[in-house]
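Chain nomenclature is as follows: A, B and C, assigned in order of appearance, with residue numbering initiated at 1 for each chain independently.
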Amino acid sequence: MGRLFAVEIVYRGIFQKNLAKNISRGIALAAKHDGKVGISFGRYGDSPERNGIPAKNFAIVATDDETLQEGMAKYEPKEVDISISVDDTLCKGVESWAWYGLQPINRLLKPGGTLIVTTMHGADPIITMCHRKEFPYRLALLTSIPSFSGLWVYKDDHTDVRLLGAIAKVLPDLFSLTSVEKAIREEWHDELKVKSAQKAYERISTRVVSPAEGNPEKPYEFELPKWYELREGLAIPSIPAGKAMADPTTQQTGGFRPDRNPTFKKYATRTMRPVVDFDTCVKCTLCWLQCPDSCFDVTPDAYYDANMEACCGCGVCEAVCPVTNCITMVNETAFADNASQWEMWKKDKAGYQTWLQEKIQHKPERSHGFRIRGQYEQQIGTMVKDGIVDTGTSGAGG
Amino acid sequence: MDAIETLPIQQLDAFKGVKKVPLEEYFTSGHRTCQGCESALVMKLMVKAAGPRTIVLGSTGCMYVANTTYYSTSWVVPWMHTQLGSSGSAGLGTAAALKALMRKGKMKEEPINVIAFCGDGGGADMGLSAISATLTHPQYNVLILLYDNESYANTDIQLSGMTPYGAHTTFSPPGKAKRLMHTRWKKNMAGMLAAGHPETKYVGTVCASYAVDMMNRVRKALMIGGPTFVHSLDPCPKGWDYDPMLSHELGELAVETGIWPLYEVENRVLKLYGRSKGIAEKRSKRKPVRDYLLRQGRFAHFTDDDIDYFQAKIDDMWEKWLIPGVIPFWKELEKDQPPA
Amino acid sequence: MAKVVEKAQQEKEALISGSEAIAVACKLADVDVITAYPIRPYDTVMQYVAKLVANGELDCEYIVAESEHSQFEIVKHASAAGARVFCGSSGVGWMYAFEALTVTPALRIPMVAMVGNRALDDPGAFGVEHNDALAVRDLGWQLVWVDNAQEALDTALIAYRVAEDRRVFLPCAIACDGAFLTHSQALTKIPPQEWVDAFLPPYNRGDLLLHPDNPITVAPQVNEDWLMELRKHNDEAMKRSKNAVIPEAYRDFERIFNRSYGNPFFEEYQTEDADIVLVGMGTLSMPVKVAIRQMRKEGKKVGFVRVRWFRPFPAEDLAETLGRFGAVGVIDRDYSFGSPHFSGVLATEVRAALYPAAKRPPVVGFICGLGGREVTVPDVRRVSEMVFKAAGGETQPFITWMGIRE
């Protein structure tokens, strides 16, 4: 038997669907130019995808057809040589919409495998977000603003080909940079994209992550019941009605906290979260009323506290809030926990203001989908100008 | 002649302002819809308006697949799946059971709301026949709510009979030979049902960007008795391709451009309401459709001609329709062709 | 268990068709919601139901739907909300409802439906074939064939009892041959209400009731982590129906109504000393029985097994019974194009049931009476001759189309 390679691309549903497909297709095509055979597929259960909910694509490559069959007709491989996280907030963990439990981003990595993350951060904050692994693995960072767009208009900031260049560097056995160049010319007919891949190949560097590094928490799991433990008639109990909340400082009860689906939390769906300036809140109710995820707990003193168990980070609350700077969406990487902001504010209002002002500095760096025609071209221009991406030329591409 | 007997109905008076909206949620967190899903908001507001003594039937679509993934749910009230084209039948069957069992003393008599929802594919395409039939049964109290995100969004954004002219979907990708693969105009669903079912006591259009207005229409539809229909336009970040943060704003723009008229036919009396009333009475000016279309990736391939055509059709709707925004009979026939 | 009842009460006799008999059963069962849509021949049952409702004899919500799909979906949901329901169809009408038919057993809805067996289009035809009802044979529907109005009435009551048993909660279709049963009137005993009440407890949906007092979510979307486990539920329910609930229901029926059906799953006719046996379903039993009587006068010992319950299929009982004979002739009023040996559905099932049996007589298959063509006494005699040859060791074709012009 020959050698089997597996690469997974973990991405944000819809926002990065086209990007992930480009990457896994690019891997299969580059492997072809390297004399290997490969397939590209999305994890079936992630479809239909939802905006922001984590999803996966895979590229399986083998040195011969017979070996390739080992990797076919599966929903996902059991282990991978490379995991690519095209959004750094996914390093906090992955919960697909059709499965239960939080999967660490590095879960499928083989010993010595490489996690590639597109991020503007350095290695330390990324490692802090990733769950610990029992054996060492390698981390490679591709400096980039995580690329988000929608289904119909693609943000062609060259993240796809830059990752192909990076893969050629971290796993040269899979394919060479020359094969990547050939694949790009074949698929995209674009010399600028070839240059971007070359530059990424030159710039990517890796470091080893030891078992002692990373988030020590055990990710929440879910055990599947046996068939006779399930209620017949396809029925499950509804969610109980919610109840009043208690104020931790005054012990006053009131307001309302809805009961929530206990088996699906939105920790892995967010790329940003709202922070609320309770001092300026006018209690207009709009954030609470317009939230599609019912994530706001109504406190006994009639404030609205975004519960991080339920917030998916859509930003509608910021959009509908009538008070300037009362609700601000902040990059999810700026947070290490999911604690209640209202409780923090109740306990120490001055301390909360300090915390709040620091958090507000972390504006979401990724765009969050289509806003107006021409927007992506403008953003790509800025990225090139700022030197975030390097095409080896000036003025275009990334 | 025998009287048409109905079960008692709940007293669901309008919420007088946002502060009067109850805190309780009957559709709660932990569904798996997209970020900024307006249809999930519609579910929340719909059942918040209806209250706890409500049974909800949901036909296949996003609000089935994403809301209720086995072994978990987001519903507090009883909820049951129904087939894609069966919202009308599901509501009718449930209401009929309650009526039979309560009349025959097999179940305690009390007013229970029955709401069956469908998406645009399930409602305006496949389920139209069953919805139409249900609206002709005056003795059953049932609300059919159509959440219209203008495509088969769950299955991968394929065009439906409710997808707007020219929009990019997976079944209508703009290409080199055909820039516009989809040249059908959206069905006028609420107008058709109101005009075609003279005994139906309530037909209304809503948009969740106007949450209190929307909930009060649901309450009217439930309280008036008999079968009723509410059609909600729901911006869809996935299929329409926009930043999920803008869901609320796009709903407002749909109304402000005149593309989505807000009206109700209550006990046979037609009333436009909200911003649409101002537009009809020429007190407020419609915003150009360009402001709406160019915020969405699904129209990113539109040329100026396409936008002009779209604008002209909306202008017709307000200037030439016999009842502006509602009934598309023209005062006089004129030629109407898409641009070449 | 059913209550003890006064046997002093008398059954009334009436001249009614199979369809009317089932309508009478609906009245006796105090059905709550019934939906109708026209298609021949089953619709006769709904015409009788409509009269019962109009005359105040049956108190139910009687809804004329706008299609068979809606017809079956309406009662499916009514049943989920706690109502006893009745529905039915024929031929392509049944097929138009197929999506609803598919989800009904999966949702554990104890609907009782009548299929007035009719050939499937195209070409349009009104006559009987069993393919319509057989189309749901793999989906969790209980399927029972009857051959006279009395049996139709009794079986409808038994069907409610079995379907609504909490151990089962699966729908049951009563298949009645178009014309020969649906449109043919015979003297039928109508039991007093008290007996029915003693036999048939009220429908109690229990913890599956869709009601604000029992908040549940029914039928959420699943992925591959769940579906095998959920399918297993229905497999077990079907086993409980066959092994416990159907036999119990027939025992109680015999006790309360004083009418015995012997083995619940199939009728045996003149099998005690038979050398060969014929197997079939539905009203072809009439010419078969006539032919058997004729042949017996000539010394040819032929028996007949009429299968009632096709789902659950009584494989072990049937195999043991058929093992007593020199050869088996299966008469199918259906087709299964491209199936093993290009056979009929029943013959294929009978062969499968016999495969693990200790005694496996040869099985000869016949396709007869398609599209409502009469199965004649000479047809049955020719069938029997071939089966006798098979019993004598002379190999016969696996399948023969009998009564076709050639």
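Going forward, a contact is a pair of C-beta atoms (placed from the backbone, for glycine too) under 8 Å apart; a residue touches a chain by one contact, two chains touch by 3 or more.
Keep in mind that this is a model prediction, so the values were computed, not measured.
Trainee: Looking at every pair of chains, which has the largest contact count?
Mentor: If you count contacting C-beta pairs, the leading pair is A-B.
Trainee: Tell me which chain's centre, taken as the mean of its C-alpha atoms, is farthest from subunit B.
Mentor: In terms of C-alpha centroids, the chain at the greatest distance from subunit B is C.
Trainee: Distance-wise, how many Å sit between the C-alpha centres of subunit A and subunit B, to the nearest whole number?
Mentor: 33
Trainee: Distance between subunit A and subunit C based on Cα centroids, please, to the nearest Å.
Mentor: Result: the chain centres lie 55 Å from each other.
Trainee: Calculate how many whole Å lie between the centre of subunit B and the centre of subunit C, each centre taken as the average of the chain's C-alpha atoms.
Mentor: The separation of the two C-alpha centroids amounts to 43 Å.
Trainee: For subunit A, give me the residues that contact two or more of the other chains.
Mentor: Within subunit A, residues 98, 225, 230, 234, 236, 238 contact more than one other chain.
Trainee: Going through subunit B residue by residue, note those that touch at least 2 other chains and give them in order.
Mentor: 52, 65, 69-73, 75-79
Trainee: Taking each residue of subunit C in turn, which ones touch at least two of the other chains?
Mentor: Only 215-220, 223, 226 qualify.
Trainee: If you look only at subunit C, which of its residues touch subunit A in the complex?
Mentor: These residues of subunit C touch subunit A: 106-108, 169, 207-208, 215-220, 223-226, 228-230, 232-233, 237.
Trainee: Subunit A touches which residues of subunit B in the complex?
Mentor: The contact residues of subunit B facing subunit A are 18-19, 21, 23-38, 40-41, 44-45, 52, 62, 65-66, 69-79, 153-157, 168, 208-209, 211, 237-239, 241-249, 294-298, 300.
Trainee: If we count contacts the way the header does, which residues on subunit C are in touch with subunit B in the complex?
Mentor: 30, 32-33, 35, 59-61, 63, 65-67, 69-70, 73-83, 99-100, 103, 202, 210-212, 214-223, 226
Trainee: Can you list the subunit B residues touching subunit C in their complex?
Mentor: The touching residues are 52-55, 57, 64-65, 68-73, 75-83, 85-86, 88-94, 96-101, 103-104, 106-107, 112, 129-130, 132-133, 137.
Trainee: For the complex, give me every residue of subunit A touching subunit B.
Mentor: Of all residues in subunit A, those touching subunit B are 13-14, 47-53, 97-98, 100, 149-153, 225, 230, 234, 236, 238-242, 255-256, 258-266, 269, 284-286, 289-295, 298, 307, 309-310, 312-316, 318-320, 329, 367-373.
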